[in-house]
Amino acid sequence: QKSGGTLRVTHRDNPPSASIHEEATISTVMPFASVYNNLVQFDLSTDRQNRLETVSPELATAWSWSEDGRRLSMKLRAGVRWHDGMPFTSADVKCTWEQLIGQRDIGLRKNPRRSWYFNLKSVEASGPQDVTFILAEPQPSFLVLLAGGMSPVYPCHVNGAQMRTHPIGTGPFRFGELKQNESMRVVRNPDYWKPGKPFLDAIEFTIIANRSTSVLAFGAGKFDLTLTGDLPPSMVDEVRAQAPSTICEVQTTNTQANLLINRDRPPFDNAEIRRALNLVIDRNAFIEIIGRGQFLIGAAMMPPPSGLWGMPAEDLASVEGYGTDMATRRAQAQGIMRKLGYGPDKPLRLKVSTRNIPAYRDPAVLLIDHIKHAYLEADLEPIDTGAWYVRMLKKDYQVGLNVQGIGIDDPDVVFFENFACGSERNYTAYCNKDMEALFHRQSQMIDFAARRKLVWEIDRKLQEDGARPVISHQRQGTCWWPYVKSIRLSSNSIYNHWRFEDVWLDR
Amino acid sequence: MSNPPPVIEVTDLKKHFPIRKGLLRRLVGHVHAVDGVSFSIGQAETIAVVGESGCGKSTVGRTILRLIQPTAGTIKVNGTDITTLSRHEMRPYRRQMQIVFQDPFASLNPRMRADDIVGEPLMVHGIANKKERAEQVAELFVRVGLRPQQARNFPHEFSGGQRQRISIARALALNPKFIVADEPVSALDVSIQAQVLNLMVRLQRSEGLSYLFISHNLAVVEHIAHRVAVMYLGRIVEFADTADLFANPQHPYTEALLAAIPVPDPAMKRTRHIMQGDVPSPINPPLGCHFHPRCPIATERCRVEVPLLKPGADGRMVACHLR
Amino acid sequence: MSVTVPLDHNAELRRAGAFAHGFFGQARFLARRYPLGAAGAIILIFFILCGIFAEWVAPMDPLTTNAKYSLAAPSARNWMGADMMGRDEFSRIVHGARISLMVAISATGLGAIFGVSIGLASGYIGGWFDLVFQRVVDVLQSLPLLVMALVITAALGPSLENTIIAIALPLIPSVSRVIRSNTLSLREMPFVEAAQAAGMSEWRIAIRHVLPNTLAPLIVLATAQLGSTILTEASLSFLGLGVPEPHPSWGRMLSESAAEYVRTAPWLVIFPGLAISLIVFGTNLLGDAMRDLLDPRQRS
Amino acid sequence: MGSYLIRRILLMLLTLFGVSVLIFTLLRLVPGNIADILFDAAGMIDPVEKQKIIRELGLDQPLVVQYMQWISGLLRGDLGFSYISEKPTIDEIAPRIPITASLAAMALTLSVITGVPLGVISAVRQNTKLDYALRVFSLSGLSLPSFWLGLLILMGFVHWFGTIPIYDRNNTPLEQLAFMLVPAMAVGYRASALIMRLTRSSMLEVLRQDYIRTARSKGVSDTGVNYDHALRNAVVPVITIIGIEAAFLIGGLIVTETVFNIPGVARFLVEAIRMRDYPIVQNLVMFIAFSVVTINLLVDLAYSLIDPRIRITD
Amino acid sequence: MDQQVNTQDVLKVNGLTTYFFTRRGVVKAVDDVSFTVRAGETLAIVGESGCGKSITALSLMRLIPSPPGRTIAGTVMLDGTDLLQLSEPKMRQMRGNKISMIFQEPMTALNPLLTIGRQVAETLILHQNMSRQAAQARAVEMLKFVKIPEAEQRAREYPHQLSGGMRQRAMIAMALACNPRVLICDEPTTALDVTIQAQILELIVELQRNFGTAVILITHDLGVVAETAHRVIVMYAGRKVEEASAEELFHRPLHPYMNGLLGSIPRVGLTKRATASEHVALQEIPGIVPALNDLPIGCAFAPRCPNAGDKCRAAIPPFEEKLPGHFAACWHSDVGAKVPT
């Protein structure tokens, strides 16, 4: 192992801010995760899959559950200091999570993961090194939530505005600078509490908006590592062609392309038309074309083997719309549409709305081509990023094509965020009290196998309800040169391993 | 010329063009293009206006036609004051007054056919229907000596003299009583010039037309005009019957002007008295008599006092302190 | 220059085009006189025909995706290869001609119509209208065309119509400036004064006498603008605004998504770029020749 | 001269005022607002939080008030804060200006030093093979989309050198200059082509003038006629195009900075428009407009130096 | 050669022929034109617009725009040297030095971006190997010579700052700077006012007297011709149709065109009318000048000629001496030879 050197990383766009708690994008997490520490984290040395079993200590040295499973007490590491010199205590932990559940305002503007903590009632700090999370119901996944890359501990004495522009953490690297649309830089924290770490002097993220330019630059050796999970399989091929010696890993990014169908407005208030639409989508074509054969077919939960909770393939195949025989499915769909009075000469005209960026547009174009087989003649309506979520929220669309990122491969996250009544990210406003009861039930189950069975059941029901038909689960690549050592990626998340404290350059 | 009112009567006509400069179009001065001009034109009479370039000849013509708005003075047509008539009120008078321009190339719309050019005034005044109009146009063509077969040609297909005939035909279309002819022959060749001049004279005889004939060619003026107004820097300096003026010029400027004309007869070679100096700018004309800086006989008085155009002997008008 | 053997008059005359008679003779002469312009006209006509008869020219539907041919290299089936969606690149380029030309011609036309109206009014009415208009033109001209187009598309949202508007709007000032100055000089022409003397209404004079005489500079300007309109559309599409999918717009075909295949599928980068360059090249060649032909000051 | 300048400057201010109203209005027409975009990154919308942000940024005020606030700030030299980075707008814009400015200057210089001589040669050798070749060359410059040209250049770099030029702030000035040369050529090609065309036609026009015939009748040699008499007259209109082209360049730079990933203001502007970062967009647009009108003023002044007929008096 | 100068012809033009090859056919702008000019003599060329006067002059200077123009035959002997056979650099040494020219439009004939002084000096630098200062000083002298007031001041000014008359004077200074053998004046006064025109003509005559220059004066103003020219040639449709001394020509025009021309111009003091309101019609030449690319087969004037007969329409009349020193190209010169009254 060698110390020193600057790791040069490509980056795709301007991070909305440096404040991880306020964002849900890898653009913020990857460059700034190294500034912070979590209470706990996933240990990759034993298992590539992020799961409850691999949760290991970071700022919390030990933890224990109460008998009723409603109290999680943690022992915090002593002698840790924030980058500005202030000591790290339980007050900071209390502060952070109280902010997340809306009990305190330290100036964060947004709280995208509020739905994760539906079950957290309060946080108690009994001593400087002791903190207890008090839950309403038992929730084994709670530790998983704390271990994700998007759950760092924030300092209580720094306000939100500063966290967005010049964050203070306890992590191995200190914030260096953030130049809009240009670059981000973090520099070694000499006082890091893990002795001897980190190895790197600094990490520099350079924003290159044009992906082909960035790949060319990486292939030319101008960069050591690419933004994780940013390269679609086709680009990975490109990199491999240009620089065969680089290491590229394609992994499930925990993002899925799904359809937002407006069931409150014609024509999709008609369940039959929704069915026809679902039948006629050739998921394999998406996998082949956009995923270069690497994407996965799945339901709401990430499919195995990468994912922990997804339905097994044979179960999935029996869900309507997942069968492999396209011809029959098309005939079925056409039958439905004919019955409703549509046909090749009298197609149903509609609009497919999507966000005006390639990752959304490409599948939407494919979708439009597919649904032609069901006499659905669609135009694409590209919506500017600034208006996209508002339009979704106002339900001002017929069919929307959405690409959705999910922070952690966990049913609590997926269900409560996307399908619970009243959740902010439940764009289709799917609200089914019976299902919601099931969401809570699975959340409280301690037994893994039983819980997973229930999750499968829930997932099947969601698909059959057409709540938010999933088209594909994406897999994308990360590439680095062989001299970059100790880069470890997990199989079911791109967010959780960017502390960079073990990474070193063998040059 | 006493009883019926003169066809045109101009009294103390002034036209000062504002000079605007810069982007804000600030007024920085005036061009005194016409500075107090009075005269009248009788029935079937030709008044010529001569003078050096920029002395305001064209401006007088245009102002009379109300193509530009006079700064001061009055213009009467057959005794009616038209100085302040609106565009609409002007319309009937437009039919009585027409204009022919110098440049036979620029005075015809290159994108219209000859018969359309000639017939258009008829159309806009709602005279005659289409068929009658065609007849009238054909007749006009004949009258000005153009072959009606050429009616559908474009202006560039005509020679300069023919173009000038088209201009005249257009001017005649509305049966005017009065035509401003702004250097109608200056751009034409000598051999063509005669054709046009003869045509104008013929028309005057047959139709009783009155002309304001603007020219700087004194020979032509002598040939065609009954009376001549000599202008210098916006003012008339001498106004007299043609024969009198040429035989016996009164104003020193007129003298110089006549002396400067080369006579096309080598036998008449003479030692000429050539006036020196350039025409001053009409923006800041010299004080007093405008002509005094170039005048061989100027006195102190000429420098300060503006000479009035006053009737001299035998009904001639001269604006000179000394004559 | 010095006097030499008696010349072959006929050869000299042929060179000067004296024997060019009839439409084709004239065309042949003009083609020889302005070889570059003729090449431009041929290129443009070629693309226009492609655009009009796209359905017949293109072997395939430009919108039909096909996983099997995703990123297929040029072959007998896909002459210019296929894009990621397996759509035939050649068919898309053929249909793209229609979109490009439609945007370019409509935007230029729109810009010309408004530019001419405003320029004519401004030059003819003068006074406060002109003064205000001049200042508006100052404002519009102090911003780069692409920036204006960007802000306008952002404001209106991406669609075919809005792209046309966004490109047409910034064209208006330059057109109207030319027309205005032309009108100003035409207004001083004796034939306009003659029309006034005949008592014609200003309206009639403006329409019948001034407007037709601004046509030549307008045609010259419009041909010249056509190329830059195509480029602006391409740039807008490249930046992700402009004509939306799935219309096969060349600029978009070149933009981000296609640009990712510089190495694995260079045909996706080369052909649309070539198409844009070629058509703009054609219009520019033609525009130059038009200027030589119609603008007497440029004639040699 | 003094009062001429003052009047020109007043007019410039009027134009800039127009630009400010225009850009302000256009931006408010854009659907969606900064609050939505801020939330968008997080993929969630919380109406309460959204209202809070809108209030915080003053976006709930009537447009007139917002406009007045912006303008009065601008006049005081206070450009406000970027919505996105929350840093002072000036700190965001200022460091990028030299990058774009030097790129533009370089492109312009390149285009002038190539365009003018080639234009002259093309005119002097009118209708020869050389002329045709040069015209095709220049028309190509006007026809190649600059982003495509940029891409091709990058492809070439990868192909032949196995590397591509990447902007790096830590480069030495000399390296920086060398790096800029490539994108400057990519944008400059168009400008060069334009200048060359204009020089050519202006030169041809001048060569037809009577005074050129006069010069020939005095026995001046072709070189003397071309360079001493004609070129001097021909460059006058070319100077205008240089002024206009400076504005045009900014348009070209938007795509070129994107392709070559240069962190200049041109690309930044597009990003800011996308992000509805009004303080950035508005002030940047004002800056661009200011540069353009200033350049135009300078061009007009240069005019009067070259052409004695244009008098800037009173 | 030196002895010849004063007694002999300075410029001998023989069979000069310049055609333009255009889309509309061959424009025979100058067709077989010959003439001679002696030192100190003024030869006037008159004729209608477009008859080839300027092209004749430009052919002498070898400044025909080519293409489309070509001088395809003839000799131009200047002091025994055929200008048409000179190499271009040699010809350049002639222009402005031995043979110079003044153009019609003083507004456009001067380079707007160079000072008057510099433009005059340029000729001197080119042909007399003068230093810039010396040339500049000499230029000021020349300007004084052509009676430009405040010459030092004017030398430093630009053309737009001068009036039309001044500019034409500057042109003359420029043309005479090297004391040329031949000075061609192409309508030097047409664009000027009558009073200024007289000044300029007087100046040319005076300078010619001082320098002994041979002057070719192109004009269509017969008055100017009558007052200044020694000999006159009349051109019609690219050909020379008459040549005589000025007195002779005006007294006894032999060619019906010239005859008609003299009849068609109004003359001051000569207009006869019975009363003030009664005009005597001017004599008209009917028709128009034929296009030079489409000349009739015989005499070009035949279609407009009152005397034209079949012979005129069949063959071009030869140019011959009809009276001593009076040449004309007409089959009916005896008919045309009556004095116009």
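Here the chain labels run A, B, C, D and E in written order, and each chain numbers its own residues starting at 1.
Following the convention adopted for this analysis, a contact is a pair of C-beta atoms (placed from the backbone, for glycine too) under 8 Å apart; a residue touches a chain by one contact, two chains touch by 3 or more.
The structure displayed is predicted, hence computed values, not measured ones.
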item: Of all other chains, the one whose Cα centre sits farthest from subunit B; value: A
item: Contact-richer chain pair [C-D vs B-C]; value: C-D
item: Computed distance of Cα centres, subunit C from subunit A, in Å; value: 47
item: Distance from the mean Cα position of subunit E to that of subunit A, given in whole angstrom; value: 92
item: Centre-of-Cα separation between subunit E and subunit B, whole angstrom; value: 31
item: Two or more partner chains touched - positions in subunit C; value: 154, 157, 259, 262-263
item: Multi-partner residues of subunit D (at least 2 other chains); value: 11, 30-31, 151, 154, 158, 258, 274
item: Sites on subunit A at which at least two other chains make contact; value: 210, 212, 216, 242, 384
item: Sites on subunit E touched by subunit D in the complex; value: 61, 63, 89, 92-97, 100-101, 103, 105, 108-114, 122-123, 126-127, 158, 160-161, 171, 174
item: Of subunit D, residues touching subunit A in the complex; value: 30-34, 36-46, 49, 52-53, 82, 84-87, 92, 95, 151, 154, 157-158, 162-164, 166, 169, 258-261, 263, 267-268, 271, 274-276
item: Contacting residues of subunit C [partner subunit A, same complex]; value: 63-65, 67, 70-71, 84-86, 154, 157-158, 240, 244-246, 256-257, 259-264
item: Parts of subunit C lying in touch with subunit D, wherever the complex brings them together; value: 35-36, 135-136, 138-147, 150-152, 154-157, 227-228, 231, 234-235, 238-239, 251, 254, 259, 262-263, 266, 269, 273, 276-278, 280-281, 284-285, 288, 291, 297-298, 300
item: Interfacial residue positions of subunit C with respect to subunit B in the complex; value: 131, 189-191, 193-201, 204, 208-209, 212-213, 215
